[in-house]
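Heads up, the next two complexes both have chain A, just with different partners, chain B and then chain C.
Moving on, here comes the complex of A and B:
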């Protein structure tokens, strides 16, 4: 796992290969590679860039009645009398502003214009309307049949309800204006920043302590602590929310510790987010601490520097890029997090939950798109800064660096051990409580144990079927995702020529990291659910879930593959070329076998994340493709909280099993990697 | 070969695409998950060869899904979803009017006013309070009997209600208070109630579940969930507030553009049939065909008499404005205000 994040340090260094003196002619291999670059590039464009662009376009679209292009005539017994366009007639008919009117109802019937079938004092004998606009101006229907543009449609007094004008769309920044003039929504920006910054501070401190204890002390049980620190990665983040309720809710086991204050709101969100972001921060900081230069510490000792001073002047600066990177990763994860605040946020609104509320609760897709755009801003900024910072770390280590090995120090080892016990204890407590709650008959009044909640009978979300769907999806994601990512990374790293195409592919591969899952999901609705889109066929299928998950978790996988490939000499390709061997043969005979452990890491990463993700798929699942983590969310929504806990635990055990298989396979592969050892 | 066909071929190869099978209808529903198997069994026994594929979610989500899929409908029928939602879908021109066989037995107030009706109501569900008796005893508090009682200071922080923006039940409550108390007094009531409400939940059943587990002892929810949880052993009592209660229908309609209209019609026929009514009667106190109504275990007998004269058209037409006002007043107070 440590490998998964580490590569972020070097990847931006990619640029044009050092200019060769002789430019070789593009051969068959080059054309093949270019074709693959374009194919994977096209995949990322279609699964990422286009949907996002489409969503942005849609966020500036507002429903409205095109009063100006609708003509109206009434007959009060002496032939038709023109009232002009609806725009002209609006004040007289008591119509609201075109946008307000469309917000009330997407259709306007003639009955609404002429209540009681009267025009002023006189009874109507007929009404005629015609729409002379385009498709975006709406539709005019009589009895459900759409009229052609410019065609008069006529309705008698009894048919007034059947003469319907449906709202069209106009381009406008109205959604953005509505957003910023609604304090209920803009409050969320501040709230999101508050919980994200708090979480970042706590997580980074805790993760630093934990990583320091593991890398720089001689305390016992390091392997166990390292394993426990990974637990949160194996469960859906909303599990933390559920456990916090069982621990500190109004009927919570440890309610007394809250001293009268409530877990619902910011405290719960921060606590839950610290839980699930902890392993991510820990991995990055542990990697940073692992690569420090022992010679600096020797120098400090030789100069009789105090341990405190050494810590602040040697240890911290050495790990600063790791800490900064961890901080940005935690910040991004928290501000885009949806499961925890959904469960334990109470009335404390945050941006990610706002998107869900707008889309799912209020059917307001345009406003969901607006909040998505708002959420993209901090996520993208954090991402870019992180990239810039990590890119600088490359220069830190010199070839002569000596790896640091900690020496025994009783007091330090003991306090480190104690600290790790507390942190690991808290992580296990969260997991254990969810396990307990899922096994209890009726919380908190009947605490006898039973497996009843694992039957998932009469609950929302799809029960066992959704679990098997998740397994299937995670398997597809792991297999297809690893293949796509690996080939993509190979082309970026080992391709010759067409530097621009490869840099473009690399840029696209880095993008998903900055895109919150919910935003991606919403963008997919807009893009794939459009009937005009030929890719519409995948909407509502397992394929769209697989595509969105592969794309959502692309970046980390890509970076992992790049690191492994960078470690391989480019000479392999050169030698193969000189021996007139096709590049495909090098790839399958040399590159792939050497990098098999990395490919396995990527597959495991994909599998575990596909099992736990909610955000990337919550808008996209269909009846036959309900998913386990989404089922847990829906059960919690419906108040079947124990069922939700049971589903989360099921996911945990599955991921634990996958992890074990991964460990076994890696061990098996270790023998094939024996050549690495001299 | 275009990219589409490659993708489609790949999807087909992997068995990823969920193709519609003959004799299968996709039914979107907001009915409670625990009663779906019963409906499915009854329908499929009557029409062997036709199977139901459920998409079950809360009212808001189902409506949102249908609207999102407007240009590319995935559902054949929407079954058991609030009439106010179906009015919204009808406004978008998404419903296929159809008069099911036996629709004459259904009371007029359960039907869309057009002929043939765009949607048909089969039974009703109504607001109810779920009150945890064990917790009230612990706190030595009386069981509230009316909406007005809920604003008393002793209930501060004990009440949960669904957010009307996302929950059909929540909207039902708000629109009924505006109708019972009148616009001005209605909002004044909600101002007072808001002071006592601990949190607004996403779904309508969650307040009752939270009351059942004692997390928050008073849940503003609906009668079906209350009866269910009491039967499961929750220390709850269902209270019908004295001023009257809001209600809505479980209404059904065919989605325009379905490629399986024949089977969709069969399901609509079943939904108003006598055997279906007998099934509804086990869970719901108020039916579209009143002849089959029977008292429900664990629910107050006066339920039906307390239903307000709900103006659905008014509620649907003013939904956006009401929700906007509600959010302006109560959603903005999103600081961790209540301990």
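Moving on, here comes the complex of A and C:
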């Protein structure tokens, strides 16, 4: 039996909270930073998350007639008789199922319901009909005037053709089913995987050899090799395709080497992709080899381990994460690559080109969206795995590691030099052939040199105007992109409080890496071209090209900025707050000046990529905003290959110039700013 | 030390004048350095959690005006968390902090009144020493000449007048530390927070700067809180020390109090070297260790008879008989031991003494070199030592403990 008793003082003391909870008051800086986080977050949502979501939504949308909600009544003189809904009547009327019927034609007239123009015994000319319906997923109209939902629309014998049921859209996986039941399309999945895996294998092996030679041997001319390895970054990827055509195509310089087989198809795609993915793999592996710990090699030597065993037991495991990361990056770049397979793919279909063909060739946007979703799967998987691997690579770095300094080894140095000569020679060959082709009068019949192809007269794609458009766009992308990325990274790294918003911003910033350019472009068509979207004013303008390029190349820029910001003392903001100085003042007086070299790096990265990108903009340019790299693609499409090569070389020299300006500025900063000298 | 400020948060006080004096009595304060000053910073019941980890557990303490207080403890004890809570950089989950009578518990750092020096100094690398110091003086409605004058004054104060035009990377670590201090002092804040400001420096520079920092603080009279894990630093520089462990305050007191009368086994172990042996209380004045009966005196919190306890004594308090000609306490707590090992420490030797009552670890005694020589302290020698009644301390047996004199700081 429970006894009631009054709560004692002790109970009250135990039940009471020990101290009041503190809700931190948001300061002016907090509010300002939150506002910026929300602004940049909103930008990424609008330029990335919403379009992609919209595309996913649209890929599961199918046109169909809403048979279920439309009731049919017929009057043969004795008042209206119900034949039930169209769904019930369909078998008797000989209608195909709602989706198939919509595929044949987007509209259905009342007269068409009776193909033999008779209703039972009577000719149609003697009957009146009425339909009810007009639900949200299909519109009923009479003489072009839409009927309200549930309203009866009546048509006399003469008006039966004017009573029209229009197809609506329904949610369905029909597009996906159609995709997977079409072997011509699904073949591309296998093809894409084959070329991507082959490219990955070849590129990683070549890049490892190259990086190893640069980091672990004493061969000469390392600086030169390092520079040459970066060349492919400066040109549109389709340049590799053009050069391959000139080398091994039907009128190719080295056609004999092909021994009868054709460059068009998988071999060409692989060769071209190896060319343009090489620098990416090289950079990652070189970094991994650079951070290996010299003490491990000293230990191996002290234990008299043979060089071969040392290589397999020390070198390789040390660079393991770098190699894996490089493999995933190359795989992603290749499977999402569009320029190379477009030029040398021939009839060997891959996913990226399928998207282009569906959208540009067949105007089948829904199927384009389906292929995009298919292409997203491997790209996202590779991205996630790469991020996991990269996180572990960072954990390998210890403060006590000693940098490795290679020692002379005549045989190793000589073979490394030879290997690098071959690789660098091949890279230069691809560039050189494009240069040569762009300069001769008429390949291969008239090989006198001329600048005629640089006039871009009578060619597709917009010629010099495209070039200047590209220049303008690349400039905007570099300036605006750097500002957005840098401020965004600053908020992610140095913001205080509102941790969830900052984590969300970081997540959004990491996403673009996993989104192929074509997929982003297609998503923009769906999203920005939708009439209901108030943002559709940017569609067909320079702005949408700038937005898509900034977003497409956001992740690498974001990571670069983060790395620089992480190196800044994490207490600068705290010191400024204690001195009652606003965070904007630390940002402009300290963070920005100190990180200026990094900001320049990001701007250069943005500029070069905006000049060379095709995939992110190929769906989005308008006649007034044609771009150089797209022009090259279109010239190639039209058979004006020499013009295309000339345009690619123009882009190359522009990017080379941009890189030189960047190098001069960086060096200038280091020389003139005394505090940078340690 | 200029003053004897004492106690807080209910710790027993045995020094005179620990009651709060009249805050307005400035003359008395000026004349008698030992008079207590009004509380400037009051931390009450502050708790802070990071996820599941409780970094601070109901921490309360007061800092008096003009006082130099050190937060001392091992890494992860919560001392930096407490400093950051005071600064508003990581605001506590509950509890209040009042500064100069104002409740600042929920304020962002820019609305509080403090200057801070971090372990890294966080000097702006792209600004000269002058620009760094002037940073906090700008945007405050001060005219340019006034700012320049204040910067000159501070440069003079830290003795770097000739280096104003240099960048942080062009001056030494010790100079950087002084610049960071000058930058924090520039707007004349009411409170200076120092987060391990000396730990990035060489040992020699650290000793020198420690003394300089103390002098500067005493001269300016600014209330100062310093976080450190270095007990020597805390003992030498602080007016009072707050010893922290696992998010709670273990003891608050003057360096002398902390060293002589550690309030807990943790403090006894953490500060200086200490022998610990297990025993059982016989009565409030006697403890049984093995077959030894030791007499105690001066216990702040007497343990009940039969309770298991840990008996502690500092190595330098173990008296070797024969070392002192006229010692009256020779007959109490006399223990016959055998020298197990002798460790040479320059001016001192440390002898490990074996006895069946503490078989796990020998008792460590610290002797001067001359005594060791005179008494021929070598391994195997048998001798008598005395454990002075007023130097023995008894703690609750919270955890199994042997003689932990190995953790010696010198």
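Simple rule for what comes next: the second predicted complex is superposed on the first by the 543 of 678 C-alpha atoms of A that agree within 3 Å, B and C clash if a C-alpha of one lies under 4 Å from a C-alpha of the other, contacts with A are read in each partner's own complex, and residues count from 1 in each chain.
In this text, a residue touches a chain if its C-beta (ideal position, glycine included) is under 8 Å from a C-beta of that chain, and two chains touch if they have at least 3 such contacts.
Worth saying up front: this structure is predicted, and the values here are computed from it rather than measured.
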Practice task
Have a look at where A:577 lands relative to chain B and chain C in the superposition and call it first, second, both or neither.
Solution key: second
Practice task
Using the superposition on chain A described above, determine whether A:264 touches chain B (first), chain C (second), both, or neither.
Solution key: first
Exercise for the section: Please work out whether A:446 is in contact with chain B alone, chain C alone, both, or neither, and reply first, second, both or neither. Expected result: first
Exercise for the section: Could you tell me if A:164 is touching chain B, chain C, both of them or neither one (first, second, both, neither)? Expected result: first
Exercise for the section: Please determine whether it is chain B or chain C that touches the greater number of chain A residues. Expected result: B
Practice task
Check whether A:302 is in contact with chain B, with chain C, with both or with neither, and answer first, second, both or neither.
Solution key: neither
Exercise for the section: Examine A:184 and indicate which partner it touches, taking first as chain B and second as chain C; both and neither are also allowed. Expected result: first
Practice task
Go through the superposed model and pick first if A:569 touches only chain B, second if only chain C, both, or neither.
Solution key: second
Practice task
Applying the touch criterion given at the start, work out whether A:107 contacts chain B, chain C, both or neither, answering first, second, both or neither.
Solution key: first
Exercise for the section: Report the residues of chain A in contact with chain C in the complex, numbered from low to high. Expected result: 17-30, 496, 569, 571-572, 574-582, 585, 589-590, 593-594, 673-675, 677-678
Problem - Interface residues, chain A side, partner chain B - complex - result: 42, 46, 103-107, 139, 141, 144, 161-162, 164, 166, 182-184, 187-188, 191, 245, 249-251, 260-262, 264-267, 342, 346-349, 357, 359-363, 365, 442-446, 457-460, 476, 525, 529-531, 534-543, 546, 622-625, 634, 637-641
Handout entry: Of all residues in chain B, those that touch chain A in their complex
Key = 2-4, 7-8, 10-11, 14, 16-18, 26, 33-34, 37, 53-58, 60-61, 63-64, 67-69, 71-72, 74, 88, 90-93, 97, 113-114, 134, 163, 165-167, 198-203, 205-210, 212-216, 225, 232-235, 256, 316-321, 323, 327-328, 331-339
Problem - In the complex, chain C residues that touch chain A - result: 44-47, 58, 87-89, 91-96, 105-112, 114-116, 118, 120, 122, 124-127, 135-136, 138-140, 167-169, 183-184, 186-187, 189, 193
